[in-house]
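Below are two complexes that have chain A in common, paired first with chain B and then with chain C.
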Partner chain A sequence: MIIAEKKPIEEIIGYVDDCGKLLILGCNECVTVCEAGGKKEVGILASALRMYFLNQGREVKIDEITLERQCDHEYLEEIRDVADQYDAIVSLACGVGVQFVAEKYHSQRVYPGVNTCFLGATEERGRWSERCQACGTCILAYTGGICPIARCAKRLLNGPCGGSSNGKCEVNPELDCAWQLIIDRLKALGRLEDYEKLLEIKDWSTDRAGGPRKVVREDLQI
Partner chain B sequence: MRLTYPTSLRIIRVPCSGKVDIIHILRAFEKGADGVCVIGCREGECHFKTGNFRARRHVEQAQTVLDTIGIGGERAMMYNLSSGDGPLFAKYAEEIYEKIKALGPNPIRRQKKHAA
Partner chain C sequence: MSDTARSKLQRILSEGHLAVTSECGPPRGSDPEAIKEKAEMIKDYVDAVNVTDNQTSVTRLCSMAACIHLKLMGVEPVLQMVTRDRNRIAIQSDILGAASFDIPNMLCLSGDHQSFGDCPQGQNVHDIDSMQLVQTVRMMRDEGKFLGGAEIKRPPNMFVGAAANPFADPFEIRVPRLAKKVAAGTEFIQTQCIYNLDKFEEWMKGVCDRGLHEKVHILAGVTPFKSAGMAKFMKKRVPGMDVPDEVVKRMSDTPKEKQPEEGINICVESIERLKSVEGVHGFHIMAIEWEGKVPEIVERAGLYPRPKID
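== the complex of A and B ==
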């Protein structure tokens, strides 16, 4: 899922300080799971902003809505009738959601309420780590299900490098060496011979370097 | 025991202190409470193992938010107490009351009165 972190309230106040009516828009998907932009966080931010404005002697109307998703037209349509009633919308969705709201409600001020961090997994509550860089050409089949692109600091295809020591990466002693993990996993699978096979030069044309990407599935289009 | 404690304290019973989330604390302030104190079981004695630790985290989160928006994080507090310790509860209640009295009324309530 997409991992995001709440923006500091001071930063959000800076965006909306001149507003008289605000909509805090949450998202029920990834940002709910990583506790950055779900219904609960919408309530916390709205409550904090209401108190901030009241403390400044201003009564700002702040409404709270949490959509199923902010990256789909059909769910964003749910605020069609109310969107223009606000001076600004603070979207607590990932960067995708914020942009989609801005695209869809073109004349509306839209601000991000979270910092979108990476594609990752929940290791435990309050601890998330990166697992995928969305490079567009998945090689997990050859690396024991562990991605060297996302998890090796050098994105090495045939590792490890000399910086791997006791299973840790030289970049950060708390960071596991992805190639050590790959070797351990291949060993556990009884497929260590796969490690001997050199991975070919990766096709990076599907990565971000070529600019914004698009997936088009004509078989799904009507 | 016939212990006395300040009458301005309103007790809200919850199944576990861990149930008290940051939003409950913030809403109390939004509604005009001068202070909020979460009283959980003693550390290591939580029936649900980590409820009181969770409560402490929630109080800390609320304190950060309250400090940021100028209400004052010290208005949110956390105490640990055994449910059988009445005299200590009365002592803590007095302590909470004195702390909040020293801080003065919730500025939100004052502003709400002005606005009305």
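== the complex of A and C ==
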């Protein structure tokens, strides 16, 4: 899923300080699971902003809505009738959701309430880590199911570098060396000889290098 | 020079001499005298001089320009190139640029991560990795082609090297990793600084057992300690460095004013021992900001005078 982190309240206040009516818009998908932008976080942000404006002696109306998703037309239509009543919308969805709201409500001010971080997984509650960089050409079949693009600080296709120490990355002792993980896994699979296969120079044209990407499935189009 | 030798370094190695290389870190400024002074100190005592490429990710005068300064002085350079800062267009372009000055040796590296340097907020590129850089320069040289397949007019003609760190983890893949670099087309290896000679010998045994020593020239890397503090720093702070306790103790037990001399002693003793290790074809002496000591190390290690190659 997409992992996001709440933005500091001061930053959000900086965006909306001049507003008299605000909508805080949550998303029930990834940001709910990583506890950054779901219904609960919408409530917390709305309360914090109310308190701030109250302390300033200002009356600002703040509404809370959480949609099933912000990356689908269908669900974004649910705020069609109310969207223009607000001076601004603070979206707590990932960057995709924020942009989709902005596209759909073209003349409305829309601000991000979270920083979108990465594609990752929940290691344990309150701890998420990156697993995928959506490069568009998956190589996991060759690397024991562990991605060196997402998990090696130098995205080495033929690692590890000389900085791998006791299973950790030289960049950060908290970080596992992706290539140590790959080697451990190849060993567990009884395929350590695969380590010696040279991975070819990668085609990055399916990554961000190729420009904004699109997937078109004509068989699904109506 | 023989038809096949592309550089003096390659010729010396192929003739079976123990080669000696050293390195110069370019300055944090544009004064070429800094690099020339370092080269002047060592040029008669080494066969070729590596020029580091923004080592530890700290911005410096570029390796290629420094290599050209060396070349103009009559010193044979080894162009170090990292994949951290260049995509495949810049890499191929820089290889051609170096070839236009007939820089005859190149060392292919991935480079230290930028978080260690003076631009920790910068991007890294890593379009290709160090093994793929070896493949790229070999393809350009041997097939006369760009990665895109087009023909190169006057292809580069470099002797191609890579680094190896026998001391990084996991140890079990350090020989296979060298095999991979050799398969990619590496012709010479300069190793990480060696302080744990037992472990190095264990690695070299694995290298020889697979016959890799007959396919690639291995230059053993050595760095003299200037002080006990440096030994401790290298042990604790430098990733992938293996400094045994007894070496640190030997430096610490030496009175401060004698420590530089003891550091040189350790270095010379290491070279003496490494000379007898099967598969070691030379030495890469990295006297970090202490280039003035290279002549003494080379002389005391019995590696002087250097073979004369026309």
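Note that in this section the second predicted complex is superposed on the first by the 222 of 222 C-alpha atoms of A that agree within 3 Å, B and C clash if a C-alpha of one lies under 4 Å from a C-alpha of the other, contacts with A are read in each partner's own complex, and residues count from 1 in each chain.
Methods note: contacts are C-beta pairs under 8 Å (C-beta built on N, C-alpha and C of every residue); 3 or more make two chains touch, one makes a residue touch a chain.
This one's a predicted model, so the numbers in the text were calculated from it and none came from an experiment.
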- Query: Is A:Gly57 touching the first partner chain B, the second partner chain C, both, or neither of them?
  - Reply: first
- Mind working out whether A:Cys177 is in touch with chain B, chain C, both or neither, as first, second, both or neither? second
- So, A:Leu156: does it touch chain B (first), chain C (second), both, or neither? second
- After superposition on the shared chain, which partner residues are touched by A:Gly145: those of chain B (first), chain C (second), both, or neither? neither
- chain A residues touched by each partner, larger count belonging to chain B or chain C: C
- Item | Touching partner for A:Ile9 - first (chain B), second (chain C), both, neither | first
- Task: Identify the partner contact of A:Trp204: answer first if only chain B is touched, second if only chain C is, both if each is, neither if none is.
- Result: second
- chain B versus chain C as contact partner of A:Ser47, first or second or both or neither: first
- Query: Which chain A residues come up in both lists, the one for chain B and the one for chain C?
  - Reply: none
- Given the complex, residues on chain B that touch chain A span 21-23, 26-27, 29-30, 65, 68-71, 107-108, 111-112, 114-115
- chain B-touching residues of chain A, taken from the complex the two chains share: 8-10, 40, 43-44, 47-52, 54-55, 57, 59
- Note on the structure: Within the complex, chain C is touched by chain A residues 153-167, 170-171, 177, 180, 183, 192, 195-196, 198, 200-202, 204
- In the complex, chain C residues that touch chain A: 84, 88, 110-113, 115, 124, 126-132, 135-136, 147, 163, 165, 168-170, 172-173, 176-177, 179-180, 183-184, 192, 239-240
